[in-house]
Amino acid sequence: MEIEIGRAKRGRRVYAFDDVAIVPSRRTRDPEDVSVSWSIDAFQFDIPFMAAPMDSVVSPATAIQMGELGGLGVLDLEGLWTRYEDPEPLLAEIRELAPDAATARMQQIYAEPIKPELVTSRLAEIRAGGVTVAGALSPQRTQELYQTVVDAGVDLFVIRGNTVSAEHVSKEREPLNLKKFIYELDVPVIVGGAAGYTPALHLMRTGAAGVLVGFGGGAAATTRAALGIHAPMATSVADVAGARRDYLDESGGRYVHVIADGGLGTSGDIVKAIAMGADAVMLGASLARASDAPGGGWHWGQEAHHGQLPRGKRVRVGTIAPLEQILYGPATVADGTANLVGALRRSMATTGYSDLKEFQRVDVVVAPYVSQ
Amino acid sequence: MEIEIGRAKRGRRVYAFDDVAIVPSRRTRDPEDVSVSWSIDAFQFDIPFMAAPMDSVVSPATAIQMGELGGLGVLDLEGLWTRYEDPEPLLAEIRELAPDAATARMQQIYAEPIKPELVTSRLAEIRAGGVTVAGALSPQRTQELYQTVVDAGVDLFVIRGNTVSAEHVSKEREPLNLKKFIYELDVPVIVGGAAGYTPALHLMRTGAAGVLVGFGGGAAATTRAALGIHAPMATSVADVAGARRDYLDESGGRYVHVIADGGLGTSGDIVKAIAMGADAVMLGASLARASDAPGGGWHWGQEAHHGQLPRGKRVRVGTIAPLEQILYGPATVADGTANLVGALRRSMATTGYSDLKEFQRVDVVVAPYVSQ
Amino acid sequence: MEIEIGRAKRGRRVYAFDDVAIVPSRRTRDPEDVSVSWSIDAFQFDIPFMAAPMDSVVSPATAIQMGELGGLGVLDLEGLWTRYEDPEPLLAEIRELAPDAATARMQQIYAEPIKPELVTSRLAEIRAGGVTVAGALSPQRTQELYQTVVDAGVDLFVIRGNTVSAEHVSKEREPLNLKKFIYELDVPVIVGGAAGYTPALHLMRTGAAGVLVGFGGGAAATTRAALGIHAPMATSVADVAGARRDYLDESGGRYVHVIADGGLGTSGDIVKAIAMGADAVMLGASLARASDAPGGGWHWGQEAHHGQLPRGKRVRVGTIAPLEQILYGPATVADGTANLVGALRRSMATTGYSDLKEFQRVDVVVAPYVSQ
Amino acid sequence: MEIEIGRAKRGRRVYAFDDVAIVPSRRTRDPEDVSVSWSIDAFQFDIPFMAAPMDSVVSPATAIQMGELGGLGVLDLEGLWTRYEDPEPLLAEIRELAPDAATARMQQIYAEPIKPELVTSRLAEIRAGGVTVAGALSPQRTQELYQTVVDAGVDLFVIRGNTVSAEHVSKEREPLNLKKFIYELDVPVIVGGAAGYTPALHLMRTGAAGVLVGFGGGAAATTRAALGIHAPMATSVADVAGARRDYLDESGGRYVHVIADGGLGTSGDIVKAIAMGADAVMLGASLARASDAPGGGWHWGQEAHHGQLPRGKRVRVGTIAPLEQILYGPATVADGTANLVGALRRSMATTGYSDLKEFQRVDVVVAPYVSQ
């Protein structure tokens, strides 16, 4: 179903979460009877939520808290916690920066080198909390730091960049050979973002346990303005779920998890991500709104302090409730920002599904927001 | 006509009232020659309007007034009138609540238990007014309270929830068996909401006299944000009208009434609901705007005080005219909020139709608001 | 190309002027070489513009001025000029009315009876100005007043209502038999509005010289809210142009003029109306903005003072330039409100066409405004 | 894929840059390995950017600076620099004009006659700067001034108007015969705007080295309101790229460059223009935002001071950084207005392409902004 844009160019019509909705069907169910548990490799979680490796979302303490609440917190191993012995004053400073000075000062703060010994100690701190340990590196830093990470001990290793391909070409340096790297590593790897069928299929063939789906995350609008690149999430997740199905067949049964990463601002978006075929979701802004999140009401990604081409910015998200209440309610507002788990359960119950895998089959409709 | 959203997901394009319009055809007619009468079971009404069972819309007094004006008022049997001997001070308090305190205080007010004796006396009061008596329960409370309701005497029994399915599954408790319940009850039942062909067809097969079409009513936007569920009304009504036609054939002639419930903010929306195949409409906000409505310029549904996951809120709708004038005019404004009956008549006359059943065949077009 | 809205309803996708645009083609031309002349029956006009029969647009003096400028002014024979000996004080009063009092006071002012002797004298005044004389009646008043109008002498007789059908059905009174009426009348008749192929074809079969295309004119948004009726102009004009073509064949050569009436706020809209197949346009708001228009910066139609169901309102359009400059420039603004004739010429020149009939064949594209 | 707008009219659905986006594919690459060089005829450029011949964008000094930075500055030979010995005071005056006086005063300023000797000296000044020399004339002035231009010495001759067709028809004067003109001229000619396949193909057949694609440039919005003409850029560029391909075949190998001209407000738009098939882009507003641009924070085109029908206006674009930084970064903002070259490189790298010609094949999707 390609559209002719002009004589020399055709393109597919793609869809954002806002373009789609799920619809009730014949059966309904009690919310209490619904399971939202998720397991990947040997690890079990009560809820299919990963906290994104961003300094405004996950500190070692949040990672432990997230684990205790049934999910998984992923620490950014290239963030403030591995650059500074005590990052709290810097987190506080970032919150207070004047808008016009923010980008420049953040570029400075993040220019501080990463200390391998801090990588080790931060991961040890999380492990001591008794929860599943996960840390994230960018593809550019993976070769330099992965041995430190593995030696420190992680349960799940996350490689996360704007776009990660299985086939990076470089004239200057030997790029990371993901297939070889993952094969040799004795830890399950979750890798992405990938935003389409083909790049995701290639990532699955590297042996990854999970693929992060998305491009540019919460900075989608500025990425589109700056780079002209845009991969609306409903189509991206459904495409990568298609790659999972085809790879399952091709590999004779290896099930690679599809994790939606970006554009998940409300519980409704989370519901739609799973309806499109996601096994789990990685949450940024939704959790940065927790009153006990490290960002203290502010949220930023690595694009915000890119040296040459910043493509996002520090944004004020405010604080609405403690993390536990954002996840499990009760909600005191009706806008989909709190009781994320309760909303997911109710949505599954209303449409008659009892677990996440079944819920991926729920009926959906195309109904752009603009026409309500 | 399914759309591929992504490799692993397809969905239908669905339409809201704002996406469609009716168009004139060959013939025109005098508005005075048009009939807008409606009958269901043994009951006759001058106008096809039910007042929604919401505390801001229907009190026992309004139910009588609505009946006298030719329509049907449905009392919420789980609202303030069956929880409190004198709800007037609470209605007044709700109007005055500060925005940030409203949800919490309303949760408190509605925590007061329902008194069966009040159910009995409220329904008796309406019957004494000499009009058709209708009361509504949620599916959750139906088993507990229906005997009280039937003993008190109702002409029409309404079971109304966000989504009511003919097949509710529960591990904890025996769910309401709608088919058995309706079969044994000696009163016609109107049940819903249902938002699609299949769930509505199953409700029709339970023996219901009418099906309410809609999901989330006036809280559609917040329901979509919180649950990811959205069922735009133009498609929903036309789908359920399709179920009515198919069930008419399957049942050898049983005509189940299709009643649009939600998203009917203007007389234009009412016109479109009938054009899509509705036999009647259930009005909430449109009637809450009456200066003599119990809400006194405010409007709220049961979602507004849900304990764990509120999905709507008390909204200020203002007051524009007495109920009689909202229904029959004259209108002093031109925005479709007054003279609802006059507008329906004029619309039918302009397109040449003389009764509601014929008018369901009127030509419609797809013309999204955005492109005027 | 019908769309399934839901199981029991299908509808066509229709288009507004804002949804379409014209595009340049192979050839260009000098604007000076372009002719924008129009003739209907025995009457020749330099420009294809009729001024709408509305009190804010056409007085007897404006009708003369419009004729001298090459177009045709149509006097509303049911407006202030035929109800009052001296309407100027009332025009001034309407301009000054407070917003919340306007509808009610206008209902009062227009309750004054029409005086046949004023119909006679106003038309005589225009004829004395040496221009083509045109007056408009509503279908409801045509039988009562047409003899007065014909005796007074008009060159073109306009019957204009929201929707005029060739087959009006009434139980109370004998409706106007348009076919018989037009056959017996010795004056060419322009009749409408009609908004679709079938109603327009039926109007053409009555013997009308021209058909007005539109529904609800500038009050389209409120008409849609109140009545649920909407006929976007691009589709309406192209449909009626299709009826003209088919009727030309069916009648063995009778060419009925298609006159777009409504939604023509800018010179771009006028260009598009002709591109869709219109022979001429009837202008309301565009001309009400003239500093010498009778409305003095305000604009209103007959819907604004409808007794029971007002569907438009008095709107402030402001004044931008004298009528001559609005038509012929120079424009001092770049928004399509001035130099309407110059813009039409330039548009035709840019796409290589030299007269209006040819220009109806210009290439058009569908390009909704929302995506610029 | 034509759409029926109404019975008598059909049109193609066309697309703007905002309607489309590019998407990552299987491979990624280092931004440093990407080439963005462009060559036309014998001229080589480091970057595929032409600065538009507008007084707010290119002065002789800017033309030199643009050349030194790797691009091509085109001087407007009908602008202030060829009308006035010293235009600096007039540039300053235009910046300071009150909004309501601007159009009238600019009409006055640009009424000053063009001096051939200034054409000669301005071009000599640019040549003395050691860069490629390019000047632009409108089609109306080309016959009068081209000999002066050629004698003064230009490397690239630009003929630029709103719409330039290969077949202009005029009753009054002999129009420019482009084919003959270009054949006889010993300098490569870039000509446009053309906005569709057929007009561009005809321009290619005149022997032009490049075709400018666009209609109305940044003033497109008012052009649509005033003239009803609109040619969204994504479709226009892809159509003209189709003409290039067909003409390449038809001519046995003559490659005519496609240069997108208009609607390029962000680096994302530039990326999309090339993705649609452009070989280079002509930038106006993007470069007018340079702190060292002649407009000093204001931007205007020739439509802004058109005598009879102004179709654009002087707009405040502000200043964000010196020209060098707008082109090469670092960006301190994340909205696509700075580091245009860096963004183009990163976009190509992210999608795995290494030169501009290859990048024209990148995958694109249709994803209207409204649904993010």
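Residue numbering begins at 1 within each chain, and the chains themselves are lettered A, B, C and D in the order written.
Just so it is clear, a residue touches a chain if its C-beta (ideal position, glycine included) is under 8 Å from a C-beta of that chain, and two chains touch if they have at least 3 such contacts.
Predicted model, so just to flag it, every value in this text is computed and none were measured.
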Chain located farthest away, centre of subunit A as origin (C-alpha): C
Interface sides of subunit A and subunit B: same vs different residues, half threshold: different
Distance from subunit D to subunit A - Cα centre to Cα centre, in angstrom: 40
Mean-CA-position distance for subunit C and subunit A (Å): 57
Sequence positions of subunit A contacting 2 or more other chains: 13-15, 235, 370
Touching pairs - complete list by chain label: A-B, A-D, B-C, C-D
Residue ranges of subunit C in contact with subunit D within the complex: 1, 13-15, 19-30, 32-33, 197, 234-245, 266-272, 275-277, 329-336, 339, 342-343, 346-347, 350-352, 363-367, 370-372
Touching residues on subunit C, where the partner in the complex is subunit B: 3-9, 11-16, 18-19, 103-104, 162-172, 194-196, 198-199, 202, 215, 219-222, 224-232, 235, 303-304, 307-313, 368-370
